[in-house]
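Letters A, B, C and D mark the chains as written, and numbering starts fresh at 1 in each.
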């Protein structure tokens, strides 16, 4: 006889877990909703930590290793909290041809943060993106959700100074 | 190579345990047969300490770990018509290359400071400087034949040498492998 | 709904539209939006006079991204619309004031230039014209008429036949005949079948699919529904990059609108045909553009491809026959069914039919989105439509096909752009990215850039791609830094062959293409960077001597 | 899925390396080749587990087709002419092995699987006697936290046999992989030490199917690790029968 499925309790009484439950319920708590569910965890909490992954695994009846495997396969998922501000530099071909590399080097040097990492004070994350689809604005940067185009290093640093 | 003259052979050991040379000596009585056909002109095993201008076969044991190893490998390549990497250290880097997983500084510290009770000090002359990365011989000079094994057995070495003496290019894979 | 009812509705909406004197369209696609189109739209709306004389409308991509934000004014009775470029919010009052009276000359963007005149639009026919968030706009532009007519008056086989006749080939890059793919799925006896739209546009420097999804989302739904009808599927998935939030939003909205109108869902148009579409998000993995990896991802797994055969048509999503096509392919379906396969086959070349959308970018005057008939020479695209290389620099190469494609030099500029010609010269059509480079770009660096892309996007399943791309990247880095020898170059070429021939999926099999094509046309750039190595050269001399003797 | 036997399968005739063969049409090239003593090399394929098709060592040529196919995932077909050992294939396989040896730290001489390792044997069988690409020299962990077993990531070739046997035969799915590309690594549970795993039953199947010295029994010294896979065909048949 199959064992009764147990509905797990969320890791905390944070209301955001309700949103995640909505996503899972909409997909009938099926295992194939894993990526959708991880998206909604990350949208709600900003990153995926162990308790969250454990909860998702038991709610969707999936092995822990599979959840971890999927969470680390896709580059949009992050297991570490991002900085207060994010600077996403497009590294698509058009931006590359027009100097995205210099933008990354410039920010990296000034704030002492390697690409893909967050500054020690957790204030700024420097992220590379695979083409944000704004090749007409190359080189393009998305700073805290705002698209900036046709940038030179000094322009970008000025923009960053303004937000942080 | 004229008939009258013996084939000249030079050997050297770079970074390794000299086990491959011991394995060479292990061919026992076949050494006599070998000596009738070849002249070992340069080797840690013989008195000759000067590498002649041209040598028929050069045999290198050990990996390239320091500046002296590098110079020696280059010297062998310049002077030897046919160059053999003998044993896993020469062919893959093997045990000496396991230090590649650590930063060079920590390797120095471990060797000359942490494990030394009396007057720990990093040497600054008289010892050849370590290279950043330990490499197999073929990573620094072209090599003509690779004989894996740790060490290659005496039979393997005899097989390789006797085939060469018969004018054939041996295929060491028939008798040896990495770690054998 | 019957076709007559739909036509009637369309007529009704069109009459409504015609009641206004001036229609002011503001391009709200990604590029214009990020140059401030939001504010422009808002100020135009504020400045518009009360009543229905002037309609301000947010529309999808108008194509000439480098001139954005773009605004188009179409007045009743005028043949030609007026287009304004680089519009700023403070220009709104002036534009409004000029309506029906004059033209704001300092902002005018001449539409007589080749960029606009040389295009032929099928996929983008509604793009920049209709409001993508309004299904009625789509219906007024003959939208859904192909679907409704097919469902009520044609058999699935007849729909399939039109697609076969059209000669349409997959627009995702491979160029596989679409009709053949559909026929295979249609023939499968299974009770459950799926239709998937591959909207995981991952080529860096390509934004065609994004523009279609954001500018005309209903076109994709209609194409998918027609496909489902033809092959006998009742469920569809659109797998779209999470990096395209606007596209996702519009797709979801469109699905809701279409379902409410009875054009999707159970018993479409009161026929036995039922079709539901669900949007699934990617999460940042280029390899998921490969169809078997994409299906893995839809199933919630790591996006790792599996060997083919069996093909998805046989063994697809959850083991059922599955049809996978890309966005642009589906975008062509409604017009094909509406106008007939023969009409479509009359456009383009012998073996490449129809039009192709390209994203022009890089060192080129007119950056943006264009649609041209297959077979147009590369020169016409780059020099005339694209306006050539700016700042008095010299054209060096054009890259097509993204990380799977190649770099073509000036000598190849007269090449007609179609699937087979591009393949013959060592590149591919790909999904339609076209990046122009001038003499400031080093081809070794470009090859290294693409290899880095492939290395980080490799799924890691098969050895040649996982380790081969890493080692090729190392070698390219070494050569680019001026530290490589001729032995390194030889090893790189050997690796290219092994990775091409033995990799599991298309990503690995094509990853060496940028290296191979730059070596083919720009070998001297590699050779100039090599250093002499005493020993390598010695070995070569010996080999040469041996070869002589 | 590829190997599910269906009733009424036809028998087809075809050639492998110019020899005539006949087999059921649902058999794969590698099955027929191995049954007949043709040693097509492979690392990820293991009879009794699902087909993975990742090591690419088993690629073969089909006469008349420009593409190579992996023989583990391709079924035989009527009139097919297969070549398993052309010079080109030999060269490709050597390069694939070179890539594998360069990827992690395979030091045969100090490995507990020395002498019983499939990777080591394949290098010899394929004539790969030195690695021309640079070694990556990347640091990998050795996890000895489990009472009975040890995982040494330095020796892992990512064949995924451990993942498949744990999922398909044991049913625990303790193993999976994390990351992607060159950063892929096998993990237990949420990438925690193996010894802390709640899902691991300690059955040791993963150890027995591992082709190299990546998964081994605790307490084994150099060359002592023998692997025993007799259980696999039996369990696999029993599972299918259910």
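Everything that follows uses one rule, which is that a contact is a pair of C-beta atoms (placed from the backbone, for glycine too) under 8 Å apart; a residue touches a chain by one contact, two chains touch by 3 or more.
This structure is a prediction, so every number in the text was calculated from the model and none was measured.
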| item | value |
| --- | --- |
| Chain whose average C-alpha position is farthest from chain C's own | B |
| By number of C-beta contact pairs, the top two chains | A-C |
| Cα-centroid distance, chain B relative to chain C, in whole angstrom | 57 |
| Averaged-CA centre spacing for the pair chain B and chain A, given as whole angstrom | 52 |
| Rounded Å distance, chain C centre to chain D centre (Cα mean) | 38 |
| Computed distance of Cα centres, chain D from chain B, in Å | 34 |
| Touching two or more other chains - residue numbers and ranges from chain C | 285, 302, 457, 459 |
| Residues within chain D bordering two or more other chains | 132, 134, 177, 179-180 |
| Multi-chain contact sites of chain B, meaning residues that touch two or more partners | none |
| Partner chain D, residues of chain C touching it in the complex | 285, 302, 306-307, 309-310, 315, 319, 455-464, 466-471, 474, 491, 494-495, 498, 501-504 |
| Contact footprint of chain A on chain D as seen in their complex | 167, 172-180, 187-191, 199 |
| Chain C - residues contacting chain B, complex | 487, 535-536, 538-539 |
| Touching residues (chain side chain D, partner chain C) in the complex | 1-2, 51-57, 59, 68-70, 73-75, 91-92, 95-96, 99-100, 102-103, 132-134, 136, 157-158, 177, 179-184 |
| Of all residues in chain B, those that touch chain D in their complex | 85, 88, 91-95, 97-98, 100-101, 133, 136, 138-139, 143, 146-148, 150, 171-173, 176-179 |
